[in-house]
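Got a structure for you, written out below as C-alpha cells; questions coming shortly.
In this document, chain identifiers A, B, C, D, E and F correspond to the written order of the chains, with residue numbering beginning at 1 in each.
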Amino acid sequence: MGAFESFCDFLQMNGYAFYVWLSYGLTLVCVIALLIWSKQQRKQVEHEIKQQELIKAARKHQVQSEMSL
Amino acid sequence: MLSANQLTCIRNQRILFDDLSFKLEPSQLLYLTGPNGAGKTTLLRSLVGLQQLHQGEVQLSGVPIADCSPDILYIGHKAAVNEWLSAKQNLQHWLNLTDQVADCESLLMKVGLSGLMDIPVKFLSAGQKRRVALVKMWVSNAKLWVLDEPFTSIDIKGVEVLNTLFERHKAAGGYVIVTSHQTLPDQIVDQRLELSYRF
Amino acid sequence: MLSANQLTCIRNQRILFDDLSFKLEPSQLLYLTGPNGAGKTTLLRSLVGLQQLHQGEVQLSGVPIADCSPDILYIGHKAAVNEWLSAKQNLQHWLNLTDQVADCESLLMKVGLSGLMDIPVKFLSAGQKRRVALVKMWVSNAKLWVLDEPFTSIDIKGVEVLNTLFERHKAAGGYVIVTSHQTLPDQIVDQRLELSYRF
Amino acid sequence: MFKWLHPYAKPEKAYLVSLGIFRILMPISLIGLIVGSIWGLVFAPADYQQGDSFRIMYIHVPAAIWSMGIYMSMGIAGFCALVWQIKLMELSVIAMAPIGAVFTAVALFTGALWGKPMWGTWWVWDARLTSELILLFLYLGVFALFHSFDDKRYGAKAACILAVIGMVNVPIIHYSVEWWNTLHQGASITKFDKPSIAGEMLWPLLINIFSVMLFFIALTCYRFSTEVLRNESHRKWVLDLVNQTKKDKQA
Amino acid sequence: MSYSHFFYQMLKRDLQLAKTQKHELGLPILFFILVLILFPIAVGPEGNLLARLAPSIGWVAVILAILIALPRMFAEDYENGWLEQLFLSGYPGSLIVSARVISFWLLYCVPLVLSSFLVVPFFSFDIQLWWVMLQTLLCGSILMTCLGSVASALLVSSRKGSGVMALLIVPLLIPAIIFASAAQEAASQSLPYTSPLLILFALAIFALTIAPLATAQALKLNLG
Amino acid sequence: MSYSHFFYQMLKRDLQLAKTQKHELGLPILFFILVLILFPIAVGPEGNLLARLAPSIGWVAVILAILIALPRMFAEDYENGWLEQLFLSGYPGSLIVSARVISFWLLYCVPLVLSSFLVVPFFSFDIQLWWVMLQTLLCGSILMTCLGSVASALLVSSRKGSGVMALLIVPLLIPAIIFASAAQEAASQSLPYTSPLLILFALAIFALTIAPLATAQALKLNLG
C-alpha cells in the first residue's frame, strides 16, 4: 500500500513509529479536546440561559427577597 | 447558665473594661450597648474564647467556655463567607464543619436569596452578603448565640425577622448576646449591659 | 439642580432599575430606600460616574456629572481609608487630594477620635474606622453629597450628629443623597425614592 | 465604506451567519484534513534524507504556520475592536485565542517529536523555536486575562488590549531572538528545503495547510456564536432560540 | 463528627475552592515554566552549560514558585473570618492545619514537581538524572510546604508578601538544597545517591510531624 | 490645584505609606539576595562558572523580585476604595497612574538595581562589567515597571497573584533580556556595547509613554 510494502511496515514507519504516531495521536487528542470543550461551553451557555429564564418565571409567582422564618 | 467573672481586658495600655461580671440564665437575651470603641467587639470575642482575656473566666453551665465550642455560634464583623464560592457552597461547608444536615436551598430561600444561590457571593449586595453569614442562625443548634452587630446592612423587614428569631431561640432555652447600634425592641431584651468609652 | 434622566442599569442580565428619573433641587435631601439587593449602591455609584450606566444621563446644574468631580463627595461601602496609615495621615491625604486646608487634629477631635489619631487605623474599632471615613463630611466643600449607608457601625449619638450635619449642608444649599436601612427623621427628608427588588 | 457590513454587525445576524459558515466549512475542512493526512501518511514517498519521520511535517507545518496566522488575525480583530468600539470583534478575539493556543502547542510538540530523530534533541534554543514558545505564552496570557475577570464584558476588552500589545511585540521578539541566536542554529530548517519538495510530497501538505485554515475559520465561527449567545443572553431572540433548540431536541 | 470525616470535609472544601478558581491552579506551574525559560534566554543557548545547570535551576524555580503561592495558604480564610470559625469548631488546630497543608501540597507542589520534567527537553537533561531530581524535589517540596505553613501562619495578619516569607524559609531550606545537589552530583557520576536522599526524606518527615503543631499555635496567636 | 502639585502630593503619600511599612520596602531586595545566594549553593562553588553566569542570574533575580512586588502596586488602594476617590477627583487618570509608577520605581526598582552590586563579591564578577549590568538593569527595570503597571492594573480586581502577572509580563520582556545579555556579552569581550543598550533605552522610553495611558484605561475598566 502506498509508499509502504506492508501494513506492518506502515505501522513501524521505518523505526520512526514512536515519533510519527505520537505526534499524530497527540494532535488528534488536542483537536478533539478542543472540539468537545467548545461544544461543552455552548451547552453550558444554553443551560445558563435556560436556568436564568426558569428563575425569572419562578419569581414572577413569588417575588420574595425578604427573610422569613 | 452563662457566667462571666471579673473580666478585664487591656488593649494598647488602655483598660477597655475591668472587673466585669454578669450572669445570663437560659432563655435570656443580653443586649450589649456602648459607644463606638467601648470594647463591645473585644468583649464578645473574649467571651467565646477568640481573644485572650487579661483576667477573668467565662463558664457555660459550669464548663469553661473553651471546652464547649459546639454550643457556641459566633457571628462577628467578619462574615466567615468566602467571596468566591456561592452562597450554597458556603452554607454547605459550614454545615459540614458543624456536622449538621439541612436543605441548603430552602434555608437560603428563607433569607431571601432565591435565585442568587449559585453565583459567587462576591456579586451579591452588602446586605445579601450579610444574609449569607446570618443564615447560620436558622440551622444552628448551638445554645449560646454571640452576635456582633448582626443588623449591619440588613433592611428593615430583615431586622424584624431577626428579632423574632431571637425570641424563638430564647423560647427554646438558648442564650443570646447581641450588640447593635440599632435599638432592640424592649420586650425581647432581658438584660442590658452598657459599656462606656474609657480612655 | 441635580437631574437624572431615564437611568437604566442591568447587572448580570437582571434589570435593577429602568427608566428612573428624578430631580433634586438645592437644599434638598433625597432618601433612597429599598430592600437588600434592590440596587441602591449601584444607583449611587452610577450617579457619581463610577459605574457605567446602560442608558441615561445625570447632570448637575446642567453639566454632565463626569465633569464636575470637585463638586461631589462620595462615601461608599468602602471607606477609602488605608488601614496602615493613621487617621491623621489618612485625612491629610484626602485634604491634599481635594486641595483643602484644615486642621486635622481638631477635625478628628470632632468625630471623637482624640487620642487615637496617630495609631494605624487597623487598630480602631469598626465604628471608629467608619468615622475616619466620615470625617470628610466636616470639611468637604462639595455641593453634592452621595452617601451609601453612612450610619453603618456608628453609635446612636453619632447618627444624631450626622443628621444635624445633613441639615447644615442643606441649609448651605447643598444636595444630599443618602441610603440607609435606619430611618432618617422625617423633618430632614425632602424626597424619598424607593427602589423595589426586581428579578 | 463599511456600509455593507452594517447589517452583519447586529448580533443576531452575526450569530446566524457565523453558524452558517461553521456548518458549511466544518465538514469540508474535516474531509480535507483526512484526505491530506492519509495521503501524507500512506502515499507520499519517504524523504531520502529523513526517512519516514518527515511525515510529521503534514501536521507540524500547517499548525506552525497557522499558529502565527491566528495571532495576527487576533491582533487585528483586537485592534479594530478597540479603535472602532466594535463589541462583536472583542468576542471574536476571545473565540480565537484557545484555538491559536492549541495550534501553537501542536506545532511545539510535533516539532519536538520531529527534532528528536532529526537533530538528536527535543529542543534547541533556536530563534524560531523560542519565539514559537513565547507565542504560546502570549496566547495563554490573553486567555488567562479574559478568565480572570468576573465580568466578561471587561474581560474581553482587557484581552483585546493584551492581544494588540502582543501583536506589536511579536516582530520585536522575533528579530531579537533571531539576533540573539545567529551564532548557532539557523540552517536546520532551510536545509530541508533545498531539494525543492517533490510534488507528491507537496500536495498533501498544501491540502492540509488549506484545510487547517478552513478548520480554524469554522471553529472560530462556532465559538464566536457561543460568545454572542453568552453576551446577549438577556435578549429575547436568544431566549427564543434556546427554547427552539430545546423543542427540536424533544421532538 | 469523627476526625477523619472532618479531615475529609476540609480537604473537599479546599479542592472545591480550587475548582472555582481553576486558572489559579495552573499559575505556579506557569511561573515555574517562565522562570525556566528565562534562564536559557539570559544565559545563552549552550547545551552543555544548560544541562549542567538544569538541576539547580529546576530547584530554585520550584522554590520560587512555591514561595509565591505560599502567602495565600491561610490569607483568604483569615481575612473573611472562616479561620475563626474553624478554631471555634472545637477540632484540634493541628488537624485543621494539616488538612490545609496537604491540600496545598497536592494542589500546588505535586503539579510543580511533576512539571519539572520540562528540564529534560529544555535543557537537554538526562532523563535518568531527572528521576533523581524528581525524588529530591518531592522530599524538598514536602519540607518546604511544612516550613512554609509555619511562616505563612506567622505572617497571616501582617499582609507581608513573599519577601519575609522567603527570609523565614530559605535559610532553613539551605540544608535541603545542599543534600539535593549532593544527590544530584552523585547520580551524575553514577555513584550511589541514596544517603543524601534519605537525609532529605528524614528532614521532610521531621518537618511533617512538627509543622502542624507550630502552625496551629501561630494561627491562634494571630487570631487573638 | 496644579497638576505638578497634585503629582507631588501623590508621590508624598506613597512615600509616607512606604515609611509606615518600612520592612515592606526591604522585601524585594531580600528576595533578590536570597535568589542570588540560592544559586551558588545549588550550582556549587565554581568561581569561573559563577562569574560567567552572574549577569544572567542577576537579571533573572531582579525580574523575579519586581514581579513579586508588582501585584501590590494598586491592590491596596483598590480594595480600600482610595482609587475610586482618586478617579472621582477629576485629575487625569494617566497623571494619577504615573505618580504611582514613579514612586514604585523609586521605592522598589532603584534599590534593587543598586543592590545588584552584590553580584560583584558573591560571584567574583568584574566591576567594570557590573557597570554595564547596572545600565541595562536601569533601562530594564523602567520597562518592567511600565509593563507591570499595565498588568497590575488589568488584574487588580481579580486577586490573581504573581502567576498571571508573570504570564503577562515575561513574554513581553524577552527582547529586553536578550538585548541586555547581548550588551553584557559584548562588554565582556571588550567590544562596544552601546547599540543594544540604546535599543533597551528606546524600549524603555517607548513603554514610558504608552504605559500610563493603558494603565489608566485598565483601572477604569476595573472600577465600574
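Rule of thumb we're sticking to: contacts are C-beta pairs under 8 Å (C-beta built on N, C-alpha and C of every residue); 3 or more make two chains touch, one makes a residue touch a chain.
Owing to the predicted nature of the structure, the values given are computational and were not obtained by experimental measurement.
J.: For the pairs B-D and D-E, output the one whose chains share more C-beta pairs in contact.
T.: By the number of C-beta pairs in contact, the winner is D-E.
J.: Which chain's C-alpha centroid is most distant from that of chain B?
T.: Relative to chain B, the chain with the farthest C-alpha centre is D.
J.: So how far apart, in whole Å, are chain A and chain F when each is placed at the average of its C-alpha atoms?
T.: Comparing mean C-alpha positions, chain F is 40 Å from chain A.
J.: Using CA atom averages as chain centres, what separation in Å is found between chain A and chain E?
T.: That gives a centre separation of 32 Å.
J.: Report the inter-centroid distance (CA atoms only) between chain E and chain F in whole Å.
T.: 26
J.: Determine the centre-to-centre distance between chain B and chain C, using the mean Cα coordinates as centres, and give it in whole Å.
T.: Inter-chain centre distance comes to 28 Å.
J.: At least two other chains touched by the same residue of chain E: list those residues.
T.: Within chain E, the residues that touch at least two other chains are 23, 30, 34, 37, 41, 44.
J.: If you look at chain D, which of its residues touch at least two other chains?
T.: 137, 140, 144, 148, 150, 180, 233-234
J.: When you check chain C against every other chain, which residues touch at least two of them?
T.: Chain C, residues with two or more chain partners: 13, 35-38, 77, 199.
J.: What residues on chain C touch chain B, complex-wise?
T.: Those residues of chain C that touch chain B are 11-12, 34-39, 41, 77, 112, 115-116, 119, 123-128, 130-131, 149, 151-159, 181-183, 199.
J.: Hey, which residues of chain F end up touching chain E in the complex?
T.: Chain F residues touching chain E: 23-24, 26-28, 30-31, 34-35, 37-39, 41-44, 49, 53, 55-57, 59-60, 63-64, 68-69, 71-72, 160-164, 166-167, 170, 174, 177-178, 180-181, 185.
J.: Given the complex with chain E, which residues does chain D contribute to the contact?
T.: Interface residues on the chain D side: 112, 121-126, 130, 133, 137, 140, 144, 147-148, 180-181, 184.
J.: Mind listing the chain D positions that touch chain B in their complex?
T.: Against chain B, the touching part of chain D is residues 150.
J.: Give the list of chain B residues in touch with chain D in this complex.
T.: Result: residues 120, 122-123 of chain B touch chain D.
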